[in-house]
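I have a structure here, written as structure tokens, and I will follow up with some questions on it.
The letters A, B, C and D name the chains in turn, as written, and every chain counts its residues from 1.
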Amino acid sequence: MAALKLGMVGGGQGAFIGGVHRMAARLDGCFDLVAGALSSDPERAHASAAELGIDAERSYANFHDMAKAEAARADGIDAVSIVTPNHLHGPIAEAFLAHDISVICDKPMTATWAQAQSLAAAAKASQGHFFLTHNYTGYPMIRQARQMVADGVLGDIRFIEANYLQDWLSEAPSADNKQALWRLDAAQSGGGAIGDIGTHAHNLACFVSGRHATALSATLSSHVPGRSVDDDARVTLQLSCGARAHIWVSQVAIGNENNLTLALYGSQGALRWAQENPNVLWLSEWGKAPQAITRGSGAANSAAAAVTRIPAGHPEGYLEAFATLYREAADVITSQHRPPHTLGVQAGLDGMRFVDACQRSSRNGAAWIELP
Amino acid sequence: MAALKLGMVGGGQGAFIGGVHRMAARLDGCFDLVAGALSSDPERAHASAAELGIDAERSYANFHDMAKAEAARADGIDAVSIVTPNHLHGPIAEAFLAHDISVICDKPMTATWAQAQSLAAAAKASQGHFFLTHNYTGYPMIRQARQMVADGVLGDIRFIEANYLQDWLSEAPSADNKQALWRLDAAQSGGGAIGDIGTHAHNLACFVSGRHATALSATLSSHVPGRSVDDDARVTLQLSCGARAHIWVSQVAIGNENNLTLALYGSQGALRWAQENPNVLWLSEWGKAPQAITRGSGAANSAAAAVTRIPAGHPEGYLEAFATLYREAADVITSQHRPPHTLGVQAGLDGMRFVDACQRSSRNGAAWIELP
Amino acid sequence: MAALKLGMVGGGQGAFIGGVHRMAARLDGCFDLVAGALSSDPERAHASAAELGIDAERSYANFHDMAKAEAARADGIDAVSIVTPNHLHGPIAEAFLAHDISVICDKPMTATWAQAQSLAAAAKASQGHFFLTHNYTGYPMIRQARQMVADGVLGDIRFIEANYLQDWLSEAPSADNKQALWRLDAAQSGGGAIGDIGTHAHNLACFVSGRHATALSATLSSHVPGRSVDDDARVTLQLSCGARAHIWVSQVAIGNENNLTLALYGSQGALRWAQENPNVLWLSEWGKAPQAITRGSGAANSAAAAVTRIPAGHPEGYLEAFATLYREAADVITSQHRPPHTLGVQAGLDGMRFVDACQRSSRNGAAWIELP
Amino acid sequence: MAALKLGMVGGGQGAFIGGVHRMAARLDGCFDLVAGALSSDPERAHASAAELGIDAERSYANFHDMAKAEAARADGIDAVSIVTPNHLHGPIAEAFLAHDISVICDKPMTATWAQAQSLAAAAKASQGHFFLTHNYTGYPMIRQARQMVADGVLGDIRFIEANYLQDWLSEAPSADNKQALWRLDAAQSGGGAIGDIGTHAHNLACFVSGRHATALSATLSSHVPGRSVDDDARVTLQLSCGARAHIWVSQVAIGNENNLTLALYGSQGALRWAQENPNVLWLSEWGKAPQAITRGSGAANSAAAAVTRIPAGHPEGYLEAFATLYREAADVITSQHRPPHTLGVQAGLDGMRFVDACQRSSRNGAAWIELP
């Protein structure tokens, strides 16, 4: 399979997630990065492009020019990765979708619910595909868990626990901490921990369980003087199946790096997984000794095997999981077949509705908010 | 130090916690078991007494007779252990306290808030001491944590997480599972998971943090058809210091045996502890590598050392922690000096107020309940 | 069952293992400590006895007097615990065995192979029983493993790994570290790490596997200036079944407290266990996901259940395992029936032959030594 | 930096390590795969090349043609990856080195000591660089450990333990298990576990400690009927500094996937690392609580930081470590500066001398073999 042609908006020098997307795009050889509007600062954009081996003529000063020019080229990009702060996701995605160029967009889909609705409409009208990089869904043992739940291994789901704990915002960030500063600015991020990592926890709980929330109650709080967005959130979800999911995310929980954990408890068994040691999934079947199911082993199922690159005991990590999303996006673009584990507009809408409802609930004393 | 003379009410053949109390009472040689009303069934009571080497004349058919007779003896018991179902704790304790005999009572203190108030009044009027066996407070690393918090190692507390997960009630119990049956009968237990293990989690959070709840919101639920008491509870506590504590207890979380965990997060650091591997306390100081502080090691503080029996690396367990409470009770009875870590009526009242408020909150849609 | 009467030699104020034996003897209520020659210093002996509630008339100045006097009493002791430095085990045990008093002796059985042979002859001639406290054999999950091996779960044993790592002798001890000083004096201990903890590792490998060594090769070494005994030993055992066992013990491996681990690898499966977290046994069956078998759970077998006191998830530790040996000794003395898991003279001879052969092998460049 | 042009020999359809090398080469964008002799079966070679997007004219039927043709092209490859069975490494490497094309060679360097010497001579005579992919040296926490040892954190090294345990050869492989079959054929592999994974353990011990072996004693054994090469090896190394290293590798240790562990014990501290959870390094300093140093955290040193791609808590795995070796090879080729952590001919010679000496020692009853 020949590699697809990829463009990128954002992700210039000094950025973080742009580099991650580039490594993820390269790992399986499915994409070549050939164009970019890598920074809102044109000088930095061009320097970054040069560094990445992008032809000068395909280094653009802004995403509007880029979308137009690439759409006009015979060898124009097949897809664009959007790795800017959240408030720009919507406008950029719409610009490329308008030209039927597929979009691979970092999460959360947008900064606001209104932007999300706008983007959804644009995606519907486009021939391009829209992909949302809830990257943790690319972990093999997450795929394993999803299939096991679907297979009924747990019996009836009783409750789901999804936590995502970090500590990097335990203090006010220094003035040069670009990653922290835009996240702490509601105008750019749309919110704090609830948008940045709450959407991951919410998405993972839904992705693995196959359930959706019908209502939620949330308490968002902030623990550092002067901080205007939440850095800790506690959310209870009422799920369609009658069970509840509980989400706790924090960016001020000292001693936690990216401690994302998921546990699903059912009437017949339970599954537990932790992102910091992602190659193992713990299965407890009622009345039996707990088992450690490892990626690549004989106990792994077909869903895990489909996204496994190397044998058991040689850990695959964060970049591999991320790369799986890129590989699957390439498959969709090439084959025009989109399997259900490929997340896009619906997951993005669900996530932004979740953020919006959490913010409203919290402002109203954790009142229950119905989700349509 | 000569051993004190101990009596026991409950704990006859087929019981569980009675045997635990006897081992705990024996381990440090502080008590000799010399009297008992070991069962409400007189035949079983006497057979149990014989098995335990209790003189036949001090095996009583009921606790009223026992309290009266022992109080009348020159060599009467110094203390009585109460290891019956919860609803009997109050009446029995009051009977012995009325004779100024000290009481060592299993938790929760009573089955109802009214009983708790009555018992508190009785204790106040008695020369006897009242001890409540929140046994997890006897673990050395819990004492270590308590002292570290008091020393300010964590800075300002931001939030506390206390979870106690079990799975033994994941299904309806069989008809001969005596331990399960009385716990699932609200008349005997006063409630389900919230009383049985919720009081432990609540107590531990308060014991280690030195904080008390001023309000709470709770959701109790039940997951097994036909079950009338809660088997899962989610509680948020508003603490006196402004921080919140979150408690989750469950008896239907498959894969958990006695998975009691405590984490305290502050502005400068965090502590984490798990009962199933109790000899280690994890300390994360902001910006430093996490440390594993082990019982008996050079990193253990004086509070831990005071309740440590054997060197580091040779695990002390549940019975040792329980035995510490017995040793400390013996010290109090002998010395008439009562250090603050010795739990009694106040902890019992706090626990029953917690249970009562959780039940009321849950009945009212998790409404916030003020605690006086 | 009425408690048996226990005496103790050694274990006075300032000692370590004496206190452990006393707690172990008390835990299950099988023994009352009624007599002692607790120290070679008569003043300390009597002060210690008073502290422990031993009648003054049964506090003896030396073990010879004690053996003679107790044998002459109608209410004389049923058994004596020997908790002195190693070189005294033999003479003391022989003194009591000569009066047909049962002996519970700390390990290693003696300081020298010659003493071991002498003691074995004395035991053979006595009506008293001899018990050797290889206390780790009392852990429930060790009993579980032993039964699983006997049941053939592992297939043919391929190799066994028994390691016991400590770090407390990483530096020369201070002058008041009594526990260290006698262990580092070959005249009192008979050797260094090989006797102190090597015998435990050797015993555990044999106990669980049911195999015996037919030859060995050993390298003993010492890592602290001025130290005359070994503090690290590497031993290869040729086992009767054709497989090999590998033993590594060290007292200078920084970061290890009492890190005793056992692994058995067979053609069909493997078992792994670690003393510092003793309530779990890991089973890997070929081609299946590894399982965590926990003490007290449904996956525990009858051998584990027979020595389990409390439910799964409430950890039992070192003292409980030790107490199991005391309870089983009491059962043997009472019933005169001795089950095969009750270790005595043969285990002691095996251990001392192991130490002696290791020392000879090491002096000869790790030459292979046949074991009869 | 423009990507270098890479060729590959071996690694066609059905192979394992070829795919790993390709992902590793791609991850950081340092190499483009443009030529190959991907299989000894020309049809498979061309099909594989087409699948990988290699121009048909640069898909060669054999490595001789490839070396000659690529050397003749203006746009010829900058380096070739050799991912064949071991016995072909030498001839292939020599063919490319003869044309001054750099070589990136999988380990062990060759199948025999004679081949290793020949290759070393060829490398010396070439303008091309030779890189040996002992990929575990690319893990950030291995770099961290290496620098900490060099900084003297451990004091004097007392002993080093390097184990590499697998179980995938616990039974005779099926007839279609290509990976197993050539490894079990001494003519192709040069030996069994000792060459395949023993060289990794040996290399890692030397790489991190900065020590070299001056003598060794080894016992190789085989546990599956009909197997002609070793599947388990126990080696003791005498190191230049006076300390010893102990190596255990096995391919029949059920329950182990790629359980490579390294521990270094010194007079002042110890370090422990495990490949299956590679983002943490445990530091025990004498008398202090053990610390968990994590990749990307503030406790990571400059050597770790230099090879870290993503923040702490997002695991990097096997492919990332492998990719670091590719990136560093690209740096050397581009800059002509070769830092000491870049392994090449000397590491290859050390490894093959190790294998050869182990085999000779084992044939002579574990006799000590001097290493020049």
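By our rule, a contact is a pair of C-beta atoms (placed from the backbone, for glycine too) under 8 Å apart; a residue touches a chain by one contact, two chains touch by 3 or more.
Predicted, not measured: the structure shown is a model, and the values here were computed from it.
Undergrad: I want to compare two interfaces, A-D and A-C. Which one has more contacting C-beta pairs?
TA: Higher C-beta contact count between the two pairs: A-D.
Undergrad: In terms of CA centroid distance, which chain is the most far removed from chain D?
TA: With centres defined by C-alpha atoms, farthest from chain D sits B.
Undergrad: Between chain C and chain D, what's the gap in Å when you average each chain's C-alpha atoms?
TA: 44
Undergrad: Suppose each chain is reduced to the average of its Cα coordinates; what separation in Å results between chain A and chain C?
TA: 55
Undergrad: Mind checking the centre-to-centre distance between chain A and chain D? Centres are C-alpha means, answer in whole Å.
TA: 34
Undergrad: Could you say which residues in chain C touch two or more other chains, in rising order?
TA: Touching at least two other chains: 290, 294, 297.
Undergrad: Chain B touches which residues of chain A in the complex?
TA: 158-159, 167, 170-171, 217, 219, 223, 232, 234, 236, 246, 248, 250, 252-255, 265-270, 272, 282, 284-286, 290, 366
Undergrad: In their shared complex, at which residues does chain C touch chain A?
TA: 283, 287-294, 297-299
Undergrad: Hey, which residues of chain D end up touching chain A in the complex?
TA: 1-3, 16, 19-20, 22-23, 26-29, 51-53, 166, 168, 256-259, 275-279, 294, 296-297, 309-320
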